[in-house]
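Please find one structure pasted underneath; my questions will follow.
By written order: A, B, C and D. Residues from 1 in each chain.
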Amino acid sequence: MPEITMRDAIYQAMDEEMARDERVFLMGEEVAEYHGAYKVSQDLWDKYGSRRVIDTPITEEGFAGVGVGAAIAGLRPIVEFMTFNFAIQALDQIINNAAKMLHMSGGQLNVPMVFRGPNGPAEYLSSQHSQALHAQYAHIPGLKVVMPATPYDAKGLLKTAIRDENPVIFMEAEMSYGLKGDVPREEYLIPFGQADIKREGSDVTIVTMGKLLFLAQQAAEALAKEGVSAEIVDLRSLRPLDEETIYNSVAKTNRCVIVDEAWPVASVGSHIGWLISRNAFDDLDAPVELVCSDDVPMPYNHRLELAVQPSVEKIARAAKKVLYLEA
Amino acid sequence: LGQYEPEFLHGLLKQMLLIRRFEEKAGQLYGLRKIGGFCHLYIGQEAVAVGAIATLDLAKDYVLTAYRDHGHALAVGMDPNSLMAELLGKATGCSRGKGGSMHMFDAEKHFLGGNGIVGAHIPVATGVGLSLRYREIDGVVLCFFGDGAIHQGSFHESLNMARIWDLPVIYICENNQYGMGTFYQRVSAVHDFSRMAGSYDIPGKQVNGMDVLSVYEEVGQAVERARAEHCPALLEIRTYRYRGHSMSDPAKYRTREELDSYKAQDPITILQAALAEADLLSEEQLKAMDAEVKAAVAESVEFAEQSDEPALESRFEDVLA
Amino acid sequence: MPEITMRDAIYQAMDEEMARDERVFLMGEEVAEYHGAYKVSQDLWDKYGSRRVIDTPITEEGFAGVGVGAAIAGLRPIVEFMTFNFAIQALDQIINNAAKMLHMSGGQLNVPMVFRGPNGPAEYLSSQHSQALHAQYAHIPGLKVVMPATPYDAKGLLKTAIRDENPVIFMEAEMSYGLKGDVPREEYLIPFGQADIKREGSDVTIVTMGKLLFLAQQAAEALAKEGVSAEIVDLRSLRPLDEETIYNSVAKTNRCVIVDEAWPVASVGSHIGWLISRNAFDDLDAPVELVCSDDVPMPYNHRLELAVQPSVEKIARAAKKVLYLEA
Amino acid sequence: LGQYEPEFLHGLLKQMLLIRRFEEKAGQLYGLRKIGGFCHLYIGQEAVAVGAIATLDLAKDYVLTAYRDHGHALAVGMDPNSLMAELLGKATGCSRGKGGSMHMFDAEKHFLGGNGIVGAHIPVATGVGLSLRYREIDGVVLCFFGDGAIHQGSFHESLNMARIWDLPVIYICENNQYGMGTFYQRVSAVHDFSRMAGSYDIPGKQVNGMDVLSVYEEVGQAVERARAEHCPALLEIRTYRYRGHSMSDPAKYRTREELDSYKAQDPITILQAALAEADLLSEEQLKAMDAEVKAAVAESVEFAEQSDEPALESRFEDVLA
C-alpha cells in the first residue's frame, strides 16, 4: 500500500471525484493558478481548467453562498476555505442557507456540497488565525461534520463527503498536510458516523478527533510503559456521531478521557462528556475528563501557544486521573 | 400597447390582480389569526414581479427573492392553493408547512425561494448563475432584493463575482422606498442605486416599477443581453408598498399623501385603464377576470383550511437528504 | 415596587446608563426613529437625538465592526441586533475583533461594548428566524454572555453589561418583552457570574437560562403537586458561569435537569451536564438530564414548532426520570 | 521638491530606509527561524505608509491597517525595539508576545493594529471615525487595506456608513497588484478601484504609491478635507511588494521583468536621487542616515533577543479587562 501525505490523500479524493462526476468542482482562494495556499489542490487547475477549478476573490460570505446556489441548481461544489478562521465570515451562508435550504423548502432543495479547509491552530499565528471552530458546526442540524486524522481516513471520508446529498463540513489541519500514512490504490469510501478504534485497550478509553489522534497515540504509548492499556476511539465524524462505539469502549474500560483542541465551553468534547455520563452512567468508575485548549485566545509566542493546547502529558495525566493513579 | 398581443396584456393584468387579491386575503386571514408570525405583503409592487418574470423562460431561467415572496411565487405560476396552504402551515403547502410566508419554493418552476435573511440570497442567486454557465445552459437568473438589502456586503461580493465570471444574473433592487421603517435615502450614500453598477463595470438602470410594461421592457432587454452575452446587470425598479412592512407595522413613518400619490399610479389601475382606453379590455372581460381571480383565491383558502396539519413526526423530516 | 415589562426594564437600563455616561450610545436597525423593531428603545431617540441613538443600514457585519471601532476609541456602544439570527453575519467582528482585541494588542485595547437583542424562537417564523444561538458566544473566551429571564434581572444585568470593560453579549427574547415583573425604583446592579435560586427545593435541581425559567417554574409547580420538591437555578450569566451555585444545589438534591432551548450538540446545556457529571460525580444519584430543542431546524407550523421546543411536560418528565419515578 | 523643508524630506527618506532595513532584517531572522508563522514584509511599499502617515497629527488622528503592518507601525513612530521583540514573541513586544507580526498595536500613538482577517478592520476604522465625530474631535482616520480586501462586503458596508454619517475616514487601498498569488485584475470587475467611490458619492482618486511625495500630497488633501468637512474619501494607491506574499511564497505568479520594472521606480532610490540632484542631501548625510537606521535595527534585534520570553502564566492574561 503506498504511503502518501494527507495533502495527497485529499488531493486524490478530489481528483477522483472530479474525474468521476462532471458536476463536482472546486472553488476558493488560490485553489487554481496558485495550486492552493497549502498546495492541496496541486495540479487540479492544470487538469480540469478554470471552469472546474475556480479562484475566487477574498469574499468568504459571497463564495460560500455561490456554492450553495450552484448546489441547489445541479452542481456539487467543493468550497475551500483557506482556513476555517475565515469561514466565520461565511457562517450565515452555512447555517442559514446551506443547513436549512432542504428544510425551508419542505424537502425540495437539497444542498450537496462540501466546505473544506484547515481548522485548529498551526504555529506562531496568534488568536485570529488559530481557532478550532468545529463546535460551531457540530451544533447545527442540517450539516454533517467530519474531521479525519489520517491520510486513509481523509481520502475515504472526503470521497463520501463529495457524494453526500447534504452540506458537509470537512475539517483538515495545517499541521497535518505533510503527515504520511498508507492509502490503498483501489477506490474505497468510509461512511460517516463510524468511529474507528485506532488502538485497542482495556483500562481507559481516549476519545479523539482530528490531528489530536497522534498526541493520544503517544500518550497511550507512554501509558503502556506504565502498565496502563489505553483504547483510542477516533471519532472521524462529529455529526453524525457514533455514540455506540464510544459506549461500547467505555463499557469495557469504565473510564474515559476526551481530547478536543477547541475551547472547553459548549464544545464537542464536553458534549460527549455529558453523553457518556448520561448514557453510560453505570459503566463509569470515574468522571469523564476533558483535555482541551485553555479557555483563552491563542497567543503568538510559541511556548505559550504550546502550553495552551492539549499535549501528550496532559492526556496521559488525565488518563491517570480517571484511573485514580494521580490527582 | 399596440405592439403586444391582447392575451399577453390580459395575462399580465390577471397575474397582478391575482397577487393583489391573494395578498388582501392573506392579510384578512392574518387578522383572523389563521396566519401568524411575519407576513410581508406585496400589494403595490405587483408590476415588478409580474413584468420581470414575464420575460423569462422558466424551463431554463430561475427566480430568487427575499421574504416578501408571495408575489414572485404567484408570478412564476405557482398554485395559489399550495401557497395559501403554506401560509396556514399545512402539510399540503409548497414547503410542507416548514417554511411559511417567507419561504415559498417551487423547484420545478425554478423558484428557489423565499429567503428570510436580508441580502443572503444574493450570493445564492449568483451561484445559480454559475451553474447555468457551468452547464452551458443559456438561462438567466432574476435576483430580487430590497432597497434595504443593497447595502449588505453580500451585494458587493456577488456583483463583482458575477462580472468577473460573466454570469447571467440580473440583480433587481425593488426600491419600495423603505426598509422596514427606514426611508432609503436615510441609509444610503447614493439615492440612485443604479449608480452602483459602476463599481462592477456592468450596466445599471432605473426603471419605473409602477408600470408593468416598462418593467417588462427593461428587464426583457437585460435578460436578452444576459442570455446572449452572459453578462450581469443591475436594475433599480422604483416601486412602493401600500401596506406596512409586515402585518404588525402601522407604517407611521410616511404620510398619507405619499401613499396616495403612489396609489394614484397603481400598476393595476393604470394597465386596466390603458387597456380599456385602447379598447383591448371590455367591462365584461374585466369582470370575468376579476371573478376568476377571486374564485382562485377563495379556493386556495378552502383548500388550505381543509388541508391536514403536518404530522408531529414530520418535524424530523427534511433535515437531511 | 413597580411592576414593569421586560421591554421597559431594558429600556430603563439603557436610559439610565445613557444619562449617566455621555460615552454610551445605541446603534442598530430601527432603534431610533422607529423606536425599535420590538419597541425596546422607545423614546431614546427623542431624548438623546441622532448623535446617540443611531439608525443603521442593514449591515450587521459592518455596524458590529463600527461598534468595535468606537469602543476602542473611547466610546461605550450598545449595538442592537434586531435578532441574534442576523448576528451570524456579524460573528466575525464579534469573535475575531471584539473578543480578541484586548489579547492581540497585549492588553492595550479593551472593548467596552454590549451586543444585545432577542435570541431564541418566537412563533411562526420558521428556521432562519428561530434560533437559540447562545452556544456560539458562550464558546468564545474574551466575551461575556448574559441571558436574563425576569425584568429585574434584565435591568440589573444590562446596567452591569454597559459598565463592563469587555464585550458583553446580552440575550433577550421576543416572547418575553411583554412579560411583567417587579423592578425597584432605586438603582441597582447585578454582578455577572452569580446564578440565582429562583425556587428552593430539595429533590431535584433544575438549571435554566433565559425565558425557560417560566417553563421550569410551571414544571416545578406541577411536580410539587406530585410531592416532588424542585430547586430552580437560573444561571443569568452563561459566561462567566456560576458553577458553585450549581454544585451546591446538586449536592443537596443529588439530581439535576438542565433546560436549554438550543439544539443539544455542543450546547451550553450539555456542557453544564458534563461539568456536573465531572465535578459533582459523587453527589449524583442519577445521570444529568438535558431538556433542549429537538435537533432539527425550526418548522413554521405552530404545533410542530411547539413540539420541537422544551415544554413544561418535558421538564417535569425529565425531573421524574432523574428521580426514577418514570422511565 | 523645493516647497518642502529639507528636514522634512530627510525624515521621509529616513523612515522609508528604516522600514526597508527593518524588514530585511525581519526576513533574515525568519530564515534563521527566530521568527515563525506568517511574516508579511512591506518592502517596496514604504512610500505609502510613510507618505500617508506623514500628513497626520497623531495626537488626534488614527491609523489602522491589515496584517502587513510593520511599515505602518514604524511610520507612526513606534519603537523598532518593541516591534522586533514582538516578532520574536517576547514579553517586551508591543503586544506582549501575544500578537506577533500581524498584530502590532500602539494605543498611545493611535495605531490600532494590525488585523489578520482580510477586510475586517475596515468597519473598525469606520467606528473610530464615528468616535471622533461623536466626541467632536477634528481628527481623521487612515484605513489601509489591500487590493484583495476591497471586494469584501465589509468595504461596501463601511463606505456607505461613512458617507451617510459624514465620518472623517480616508480609505486607502494599497494596490500592490496582488492578493497573495492573485493578480488583482483577475478578481476585480474594475481595474481602477477609485471608481468604486461612485457607489458612495465620495471622492475617489488613484495615486502613484512609488513616489512618497505624491502620496503625501494626495493623502494630505484628503485629510484636510476630511478634517474640515468630515467627509470620507477613497484613494487607490498603486504600489508593489518586492517580496512574496509572506515568507513561504516563492511568488512564481509574476515575472522577473515585472518586478524589475517596479524596482526601477523604487521609492527610496527615487527620493534619494531627487534629493541628491537638488543638492538637498550630501553623500555624508546619506551615509550617516543609513548608519543610524542600521544601528537602530541592529539594536532592535539585540533588544529582542535579550528580552525575556513571556511567563507561561501570562497566557491567562489579556483575555478580559
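Rule of thumb we're sticking to: a residue touches a chain if its C-beta (ideal position, glycine included) is under 8 Å from a C-beta of that chain, and two chains touch if they have at least 3 such contacts.
Quick caveat, the model's predicted, so the values are computed rather than measured.
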Other chains in touch with both chain C and chain D: A, B
Centroid-based (C-alpha) most distant chain relative to chain C: D
Pair joined by more contacting C-beta pairs (B-C or A-B): A-B
Whole-Å separation of chain centres (CA-atom averages), chain B against chain C: 37
Centre-of-Cα separation between chain C and chain A, whole angstrom: 30
Length of the line joining the C-alpha centres of chain A and chain B, rounded to whole Å: 41
CA centroid of chain B to CA centroid of chain D, Å: 46
Per-residue multi-chain contacts in chain A, two or more chains: 56-57, 59, 61-62, 85, 89, 92, 96, 103-104, 126-128, 141-142, 295-297, 299
Two or more partner chains touched - positions in chain B: 95, 97-99, 103, 115-117, 120, 151-154, 157, 160, 164, 186-188, 319
Touch-based graph of the chains, sorted into line, ring, star, complete or other: complete
Chain D residues touching chain A - in the complex, by the definition given at the top: 35-38, 86, 89-90, 95, 97-103, 115-120, 148-149, 151-153, 179-182, 186-188, 253, 309-310, 312, 314-316, 319
Of all residues in chain B, those that touch chain A in their complex: 62, 93-99, 103, 105-107, 112-117, 120-132, 134-135, 153-154, 157-158, 160-161, 164-165, 317-321
Residues on chain C engaged by chain D in the complex (per definition of touch): 25, 51, 54, 56-57, 59, 61-75, 77, 92-93, 96-97, 101-110, 112, 141-142, 144, 165-166
Touch list for chain A against partner chain D, complex: 29-30, 33-34, 37, 55-59, 61-62, 85-86, 89, 122-129, 294-297, 299-304, 307-308
Of all residues in chain B, those that touch chain D in their complex: 151-157, 159-160, 163-164, 186-190, 195-196, 198-202
